[in-house]
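Below, chain A partners chain B and then partners chain C, in two separate complexes.
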Partner chain A sequence: MSRPKLAVDIRGLMKRFGRSTAVDTVGLSIRPGSTLGLLGPNGAGKSTTLRMLMGMLRPTAGSINVLGRDLATEAAQIKQRVGYVPDANYAYRWMTVERVIRFCRPMYRHWNDDRCAELLDMFQLSANKKIGSLSKGMLAKLSLLLALSHEPDLLVLDEPLSGLDPIARDDFIEGVMRGICSGTQTILFSSHQLDEVSKLADDVAIMNHGRVLIHRPLDELLSSFKRVRAVLQDGRLPAVIPKGTIWQSVNRREWALTVQDVDDTLIDQLKSENSVDSIEVAELSLDELFRDFIRGDETPDDQRHEKAQCEAAEC
Partner chain B sequence: MLMQLIRKDLRICRLPILVGVAMVIGAFVLMSTMDGLSGVWRGGSIETWSVMLKTAGSLSIITSIIALTMLAGTIFAAERADRSSEFLAYLPPSRAQVLLSKAIVLGASCVLALCVGGGSIALADWLSVDHSVNSSLQIRMRDVVPIAVVSIGVGWCASARFANTGPSVGLGFAAPIVLSAGVLLASYFFGIPNDESFRTTYAACSTATGLACLVGGSVYFIRRVEP
Partner chain C sequence: MIIDPRNSNPIYRQIVEQTRDAIDAGVYRVGEALPSQRALAIEIRVNPNTIQKAYDELERLGVVEARRGLGVFVRDRKSNAARGKTEKLMDAAFRDGIVEGLANDVSPTRIRELFESSMNSSLSKARKRQ
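Up next, the complex of A and B:
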C-alpha cells in the first residue's frame, strides 16, 4: 500500500450526546511523520475526538480517515497500525504486566519483542506486578509500552501526562521521544502541559467548546500572533479594534491585544484610528497564546469591543 | 487472538463458573450421602446407582441453570463495571470477535452442564433394569430447557445492556417467574386450561423470549456506541 498523503484526515466530525454537542464539525489533518498537539481546556472535546478516532465512539456526523483507510469500514485494520495511550488505563486489574503483554501480543501482526523488552527495562516495570497495584505513573508507562511495542504508524496520546509526577513525566516523554526518533511515526496528542507540547509538537490545534479554533504549525503560530500593548491617551477608549484580533483587554490606560499578522501598516493603522500615546509589540509564548485564544473565544465578537470600552470606562 | 479472548472471559467469569462446578459436584455428593441412596458406596444394587444418578443428574441440571444464568448475567457487564471494556475497545479485536469468545464460553458451559446432568440421567436409564423405578426429583428436559433458555437469554441480553452484574443476573433469575405469571394471567383471561397445554404454551413463550433475548443482546452489543 502506498504511503497516504495524510496520516489522519478528519472532516466535519460531530458528536452529540443528547442535546449537547461535544464535538462540532471538527476538521483536522495530520501529515505523516509529524506531531500534532491538541490543546484545549477541560470539556473542549479533545478526548471525545480522540475516542472517535480510535473507534471507541461512533460519530454523529463526519468522516475519519486514518493512514489512508476509512475508519467506518476498516477499523480493525486501522487499530493494527495505531497505538493509543488513554488518559486512564483500564487494563484488566487482575492481570500482571507480563500477562497483559501476552494478552496483547497475538493481537498485533507487527509486535516487536525486543522493543517491548527494551521499554520494559527502560520504564523499570516489574513483569510480575499486578496491574491493580501499579501507580498512575506506572500505568501510563505500561500504556505507552503496549502502544509502542507493535511499532505503530500513528501514536495517539490522550492527556497522558496529567497527574504524573515530574520524574514519571520525564520518563514518559523520553519513551515518546524514542518512539519518534526510531521511526517515522505520526503522533497526535492532547495535553494541558503546554511546555511539553512546545517540546514535542510540530503542529498545534486549539479546541474550545467542541470546535477547532486554530490549526497551524507551531512555529508559524508563534510567529504570526503578537501581543500589542498600547497606552491610551488619558480618558480615551479604544475606537477601532484591528482586524485579526483574537483577544483584547483594557486595564486603566493599558490596552493589550493579541493580533494576527502584526506589521508596520497595522501599527500605523492602530495609531491613526485610536488615541494612543505609545505602542509596543511583544512575542507570545504558547501558554499565553493558548489562554488568549480561549478567553477570546469565550467573548463573542460583537461583545469584545463593548467589553473593552466598559473596562476602560470603569477606570 | 480468539484463544486470548476466551481465556480472558473464563477468568472474568471465574466466579459463576466455580459456583456452577461446586454446585454440580455438590449435587452428586449430596445425593450419594442421602438416606436410601447412600447404599451406593456399600455395594448397592444397580437400581440404587440408577436412582442416585437420575436424582443427582436432575439436581445438577437445576443448579447448572442457576450458575449459567449468573454466567450470562456477568459475561458483558463485568467488563463494563470495571471499565476494562474500554481497554478492549481500542485493541484490534472487533466486536464480533469479542462476542464470539463470550458466546463460546457460555455455549461450552451450557454443553458441559448438559453433558454432566443429561449424561448422568442417560447413564442411569442405560443401567436401570426396571425402567418403572423413578427418582422423586426426576426432571423432564422439555420443562427445564425452556426455563434455562429464558433465564440465560434474559441474563445475556441484560448483561449486554447494563454496566453492573447485579441487575442482569437478577433479571435472568426473575425472567422465568415473571413469564410464568404472565402466561398464567393470559391463560386465565383467554381461558387456556391449566393442563398440558399450559406447559406447552409456557415452554413456547420461554423459548421464544429466551432466543429473542440472545439474538437481541448480541445485536445490541455489536451495535452499541460505547464500549
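Up next, the complex of A and C:
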C-alpha cells in the first residue's frame, strides 16, 4: 500500500452523550512521522476523541481515517498498525508481566520479540511480577512496552505522564523518543504536561469544551502569537480590540493582550485607535499561550469588552 | 544541557546558546563532532527536528560545519566568528570616520586618500615593530 498523505485524518467528529456534547465537530490531521500533542484542560474531550480514534467508542457523526484506511469499515486492519496506551489502569491484575506479554503477543502479526525483550530490559520490568503489585510508573511502562512491541506505525498515548514520578517519566519518554527519532512512527499524545509537549511535539492542537481552538505546528504557533502590554492613559479604557486577539485583560493602567500576527502595522493601528502611552511586545511560552487560549475561550466575545471595563472600574 | 520549556526563549535557541557556551568552555574542541541529532534528542528529551533546527542555526552562524553522513563538527572560530566580530567593529569605526568627513564637506576622493595614507602608516609602523 502506498504511504497515505496523512497518518490520521479526522473530520467533523462529534460525540454526544444524551444532551451533552463531549466532542464537537473536531478536525485533526497528522502527517506521517510527526508528533502531535493534544492539549486541553480536564473534560475538554481529549480522551473521548482518542477513544473514538481507537474504535472503542462510536462517533455520533464524522469520519476517521487512520493510515489511509476508514475506521468505520477497516477497524481490524487498523488495529494491527496502532499502539495505544490508555490512561486507565491495567485490568489483568492477577497475571504476571510475562503472562500479559504472552497474552497480547498473538493479537499482533508484527510482534517483535527482540524489541519486547529490549524494552523489558530498558524499563527494568521483572517478568515474574504480578500486575497488581506494580507501581503506577511500572504499569505505565508495561503499557508502553505492549504498545511498542508490535512496532506500530501510529502510537496513541492518552495522558501518558500524569501521576508518574520524574524518574519514571524520563524512562517513559525515552521509550517514546526512539519512535520519534525513527522518523517513521507517527505519535499522538494527549497531555496537560505542557513542558513535555513543548519539548516533544512537532504540532499541537488545543481543545476546550469539545472543540479544537487551534491546530498548528508548534514553532509557528509560538512565533505568531505575542503578548502585547500597553500602558493606558489616565482614565482611559481600550477602545478598539485588535483583530486576532485571543485574550485580554485590563489591570490598573496596564492593558495586556495576546494577539496573533503582531507586526509594526498592528502596533501602529493599536496606538492610533486607543489612548495608550507605551507599548511593549513579548514572546510567550507554550504554557502561557495555552492559558490565554483557554481563558479567552471562557470569555464570550461580546462580554470581553464589558469585562475589561468592569475590571478597570474596580481599581 | 538544561532546557527550560517555560522560558519564552524558544527551545532551539536555548540549544544554540548552550552549545556555543559548551564550545567556549572547551567541552567540544575545534574539529570535534557535536553529539548526533538522535543522541542529543534522547539525552535532553527534545524532538529531533528541534535539534536539527538548532544545528542548522549553528551552521548558519559559522560555529559548526555539517559533513554529510559524518556529523556536525566544530569550526575554527578564530577564522570565522571572532573575525566576523572584529570586522564589525572595524566597519563601525570606518563609518564613523566617513560620516564625520562628509558632514564637514570632505570630498569622497579625499576620504579615500586619507584612508590609504593611514593604512600605509599603520602598516609601516607594524613592520618596524617586527
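We take it that the second predicted complex is superposed on the first by the 311 of 315 C-alpha atoms of A that agree within 3 Å, B and C clash if a C-alpha of one lies under 4 Å from a C-alpha of the other, contacts with A are read in each partner's own complex, and residues count from 1 in each chain.
Keep this in mind: a residue touches a chain if its C-beta (ideal position, glycine included) is under 8 Å from a C-beta of that chain, and two chains touch if they have at least 3 such contacts.
In this text, all values refer to a predicted model and were calculated from it rather than measured experimentally.
A.B. asks: Quick one: classify A:165 as touching chain B (first), chain C (second), both or neither.
C.D. replies: neither
A.B. asks: Is A:75 touching anything from chain B or chain C once the two structures are fitted on A? First, second, both or neither.
C.D. replies: So A:75 only meets chain B here.
A.B. asks: Just chain B (first), just chain C (second), both, or neither: which does A:84 touch?
C.D. replies: first
A.B. asks: Once the shared chain is lined up, is A:177 touching chain B (first), chain C (second), both, or neither of them?
C.D. replies: second
A.B. asks: Looking at A:56 after the superposition, I want to know if it touches chain B, chain C, both of them or none. Which is it: first, second, both, neither?
C.D. replies: It touches chain B, and chain C stays clear.
A.B. asks: Under the stated touch criterion, which partner chain does A:286 make contact with: chain B (first), chain C (second), both, or neither?
C.D. replies: So A:286 only meets chain C here.
A.B. asks: Is A:107 contacted by the first partner chain B, the second partner chain C, both or neither?
C.D. replies: A:107 contacts chain B only, not chain C.
A.B. asks: Taking the superposition as given, does A:92 touch the first partner, chain B, the second, chain C, both, or neither?
C.D. replies: first
A.B. asks: What residues on chain A touch chain C, complex-wise?
C.D. replies: For this pair, the touching residues of chain A are 35, 170, 173-174, 177-178, 180-181, 183, 194-196, 198-202, 219, 222-223, 282-288.
A.B. asks: Tell me, which parts of chain A touch chain B in their complex?
C.D. replies: 54-58, 75-76, 79-80, 84, 86, 89-94, 102-104, 106-108
A.B. asks: Would you pull the chain B residues touching chain A in the complex into a rising list?
C.D. replies: 1, 3-4, 8, 11-12, 82-87, 89-94, 225-227
A.B. asks: Please give the residue numbers of chain C that touch chain A in the complex, ascending.
C.D. replies: Contacts found on chain C: 3, 5-12, 38, 41-42, 44-50, 53.
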